[in-house]
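Got a structure here, written out as structure tokens. Questions coming.
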Amino acid sequence: MATNLQLTEDGRLRHLLTLEGLPRRILTQILDTAASFVPVAERDVKKVPLLRGKAIFNIFFENSTRTRTTFEIAAKRLSADIVNLNINASSLSKGETLLDTVANLSAMQADMFIVRHAAAGAAHLIARNVAPHISVINAGDGRCAHPTQGLLDMYTLRHYKGEFHNLRVAIVGDILHSRVARSQIHALTTLGCPEVRVVAPKTLLPRDVESLGVHVHHNMEDGIRDVDAVLMLRLQNERMRGSRLPSAGEFFKHWGLTPAKLKLARPDAIVMHPGPMNRGVEIDSEVADGVQSVILSQVTFGIAVRMAVMSLLAGSGAQA
Amino acid sequence: MATNLQLTEDGRLRHLLTLEGLPRRILTQILDTAASFVPVAERDVKKVPLLRGKAIFNIFFENSTRTRTTFEIAAKRLSADIVNLNINASSLSKGETLLDTVANLSAMQADMFIVRHAAAGAAHLIARNVAPHISVINAGDGRCAHPTQGLLDMYTLRHYKGEFHNLRVAIVGDILHSRVARSQIHALTTLGCPEVRVVAPKTLLPRDVESLGVHVHHNMEDGIRDVDAVLMLRLQNERMRGSRLPSAGEFFKHWGLTPAKLKLARPDAIVMHPGPMNRGVEIDSEVADGVQSVILSQVTFGIAVRMAVMSLLAGSGAQA
Amino acid sequence: MATNLQLTEDGRLRHLLTLEGLPRRILTQILDTAASFVPVAERDVKKVPLLRGKAIFNIFFENSTRTRTTFEIAAKRLSADIVNLNINASSLSKGETLLDTVANLSAMQADMFIVRHAAAGAAHLIARNVAPHISVINAGDGRCAHPTQGLLDMYTLRHYKGEFHNLRVAIVGDILHSRVARSQIHALTTLGCPEVRVVAPKTLLPRDVESLGVHVHHNMEDGIRDVDAVLMLRLQNERMRGSRLPSAGEFFKHWGLTPAKLKLARPDAIVMHPGPMNRGVEIDSEVADGVQSVILSQVTFGIAVRMAVMSLLAGSGAQA
């Protein structure tokens, strides 16, 4: 089970693969640790020596400059040594299996792997097979999970809205293809958010979505009415060209977040987006750049959250 | 105006985007600061802790290993943390705008952006939109400017020839398509060089070139006669295949720097080239490798000049 | 001669280009130095300050993530600054010659070049032309040499089997196209291994192989009988599609290392492979993952061996 795989026997974080099944205690520990790292980035010397001499590998089986960069910066702020590997044209194309590649990198005495892979479950597979001194962070696997994104969303929510037990949150857009949405839903329910809504056309919702404990809305006006936070999702370009959607313009008309629609939410509601944004498709520029948008704060907090995860993993790994 | 954008209200360097409009005081300050960094590279430990804990982003929208490397080395010698981003296949192809990309990188609390872009004005656009604590260095934008190259040329000239007020300098080759030439002309005239010549066929000269305060020569023998320095330009491969030029061999015959032509310059004249050289096209190998060539010194001084620019920007940014 | 190129006048290591002609004294010095670095990777802070402030360039003219990574980690464990350059799409495509590229990188005051190139002799050519303060490590040039791989194989052999003078070693597979095999043969004979066997079909053996002082076997059962170590080679994918071999399955039947064949070797024989493995082609998974396999130890020791080479080169360079 993923839960057990992620925790040590005495209940500390061992790998970060998914937010599914992760206990509230751990989520809160990560958010609290992140809070202690936020001020580091405001110092003149933006570094702490916590992970000095640790070897962290950014192993990206699919390209994502943005995500790779956030982990690289977080590692450097912790004084770790980070090595970037783009493994598309390399060993794998020479016929080596994923596990042989990972065994090799392990043998270089890495301390941590940050893994991005197009296939769901790749990070789990690696975590199940690494040496005991190595921790794995899932930086996105297929549609499945992207836990540090979910965590930074929780950090941002808590920062602006306080505790979760009286929040009403709407997740809007392409739930079906979004690894971000799944991470958000798991984290929100675990942290005690009493009302999580998913707002999407039927063609962009997974069948079993209600079993996750969310309220389903097929009308955006109803969906975002009176919420404290609107969590927009990115519409993948490839979906727009597919048969599930009429057109980008049509999508924007029904599901794009405009100033008019945002007025239906609470007046102090915040707007979030995992980026990169499609302005004029899922979000209006006026909203994206407006006073209720906390989209760039998400990016800033994302560094602190990744520092928190890395430092907690390094701590448990050293004693494992 | 570019000038104001580049300076703080009290006249310190805020961004380095172009040498156009930059006052002599600033140019001299950069050259003097660079002089203090030249000995660092000759030490056993080639590092100074000036920029420790600063986050510098090498943001390259077009590939240039050579330029990227010089900035990376300069940053590491200053003990900064540098992150390399090649943004061709990444966020921009996902439909994100240039400014959203930059806003995201800013939100990661960068201190400095080094920007290379195929479009003229890209670095200016970014500088106009970054957060107040971030400085931008233009590492080449289209044909427009490449200011650190111009500065290292000035450093090299001053190193070998002393002050500028009694120098005669010839810039030879494809002025029209060269961002280097524009930077050189602006710097030379600002630093008080009394005679700057441009030497090129009519098809490779911009129309307004005389308005920049230079002397135009359409004959190489006349153009380099009695000069103290010959600044050769690179002929872009794509020009050679175009209709503006008969052939590489024909170009070399008329505009290539040979030992015979170099004899027309002053006997102690130096030869410079921004690299990479097309041997046998714009320059003869005997000249490139000869005693009057200071081409490799330009590379060495280029590191010190980039260290100087970064440290001056970090100084003004910290107090801005 | 390569030998002289590799040593200083007073006999210290100046460049590492090939194991051919390198005296036993130097090989032993590298292995002994590596032994002192193995414990570094087991520390909490996996770093020593030996090469602090040194600039090392990973210059890869052909892509090899795995090899690049091992050198990058070794350099970082020595606290050096390492810059990665992939020079395929860059300067060389702009028409710059190999030597101009290298001269430019030298002028940035590098201390060490790690060079990977598809052409045999590229690293030698560079070593012959660099400034006196720069050392060159050959990280693989065509079929010619890959000396750090050969050295880590020797380290691994010595670690598990003690001294070389009573070892019987079999090198099995595609000797003809393997730069690894040549490095191994030179090192083994120099270190005094009394019986080096090459085991391969005639089509995968170089004509002059017996002149290297090895015993040739065209039958695998005979070839590995009673050996202390089986050094498997990787079968390049492109060979499998070529005319020299019937099929991967056929190759495995005759030349793949299976548990049954391994029983013919000494009961305490070890199995090595340079990676990446083609499981089911040259090696059976049961052997690759079995108790006699030391394949992952090779990777671990490879970091220590590369640290040893770098630190010895830096030492001689500083005084050269």
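Going in written order, the chains are labelled A, B and C, and every chain counts its residues from 1.
In the analysis below, contacts are C-beta pairs under 8 Å (C-beta built on N, C-alpha and C of every residue); 3 or more make two chains touch, one makes a residue touch a chain.
Model, not experiment: these values are computed from the prediction.
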Graph class of chain-chain contacts, one of line, ring, star, complete, other: complete
Numbering shared by both copies at the subunit B-subunit A contact, with half separating same from different: different
Gap in Å, rounded to a whole number, between the CA centres of subunit B and subunit A: 41
Where subunit A touches two or more other chains at once, by residue number: none
Interfacial residue positions of subunit C with respect to subunit B in the complex: 52-55, 81, 83, 85-87, 89-91, 94-97, 100-101, 103-109, 318
Residue numbers on subunit A that touch subunit B, as the complex places them: 41-47, 63-66, 69-70, 72-73, 76-77, 237, 275-279, 296-297, 299-300, 302-303
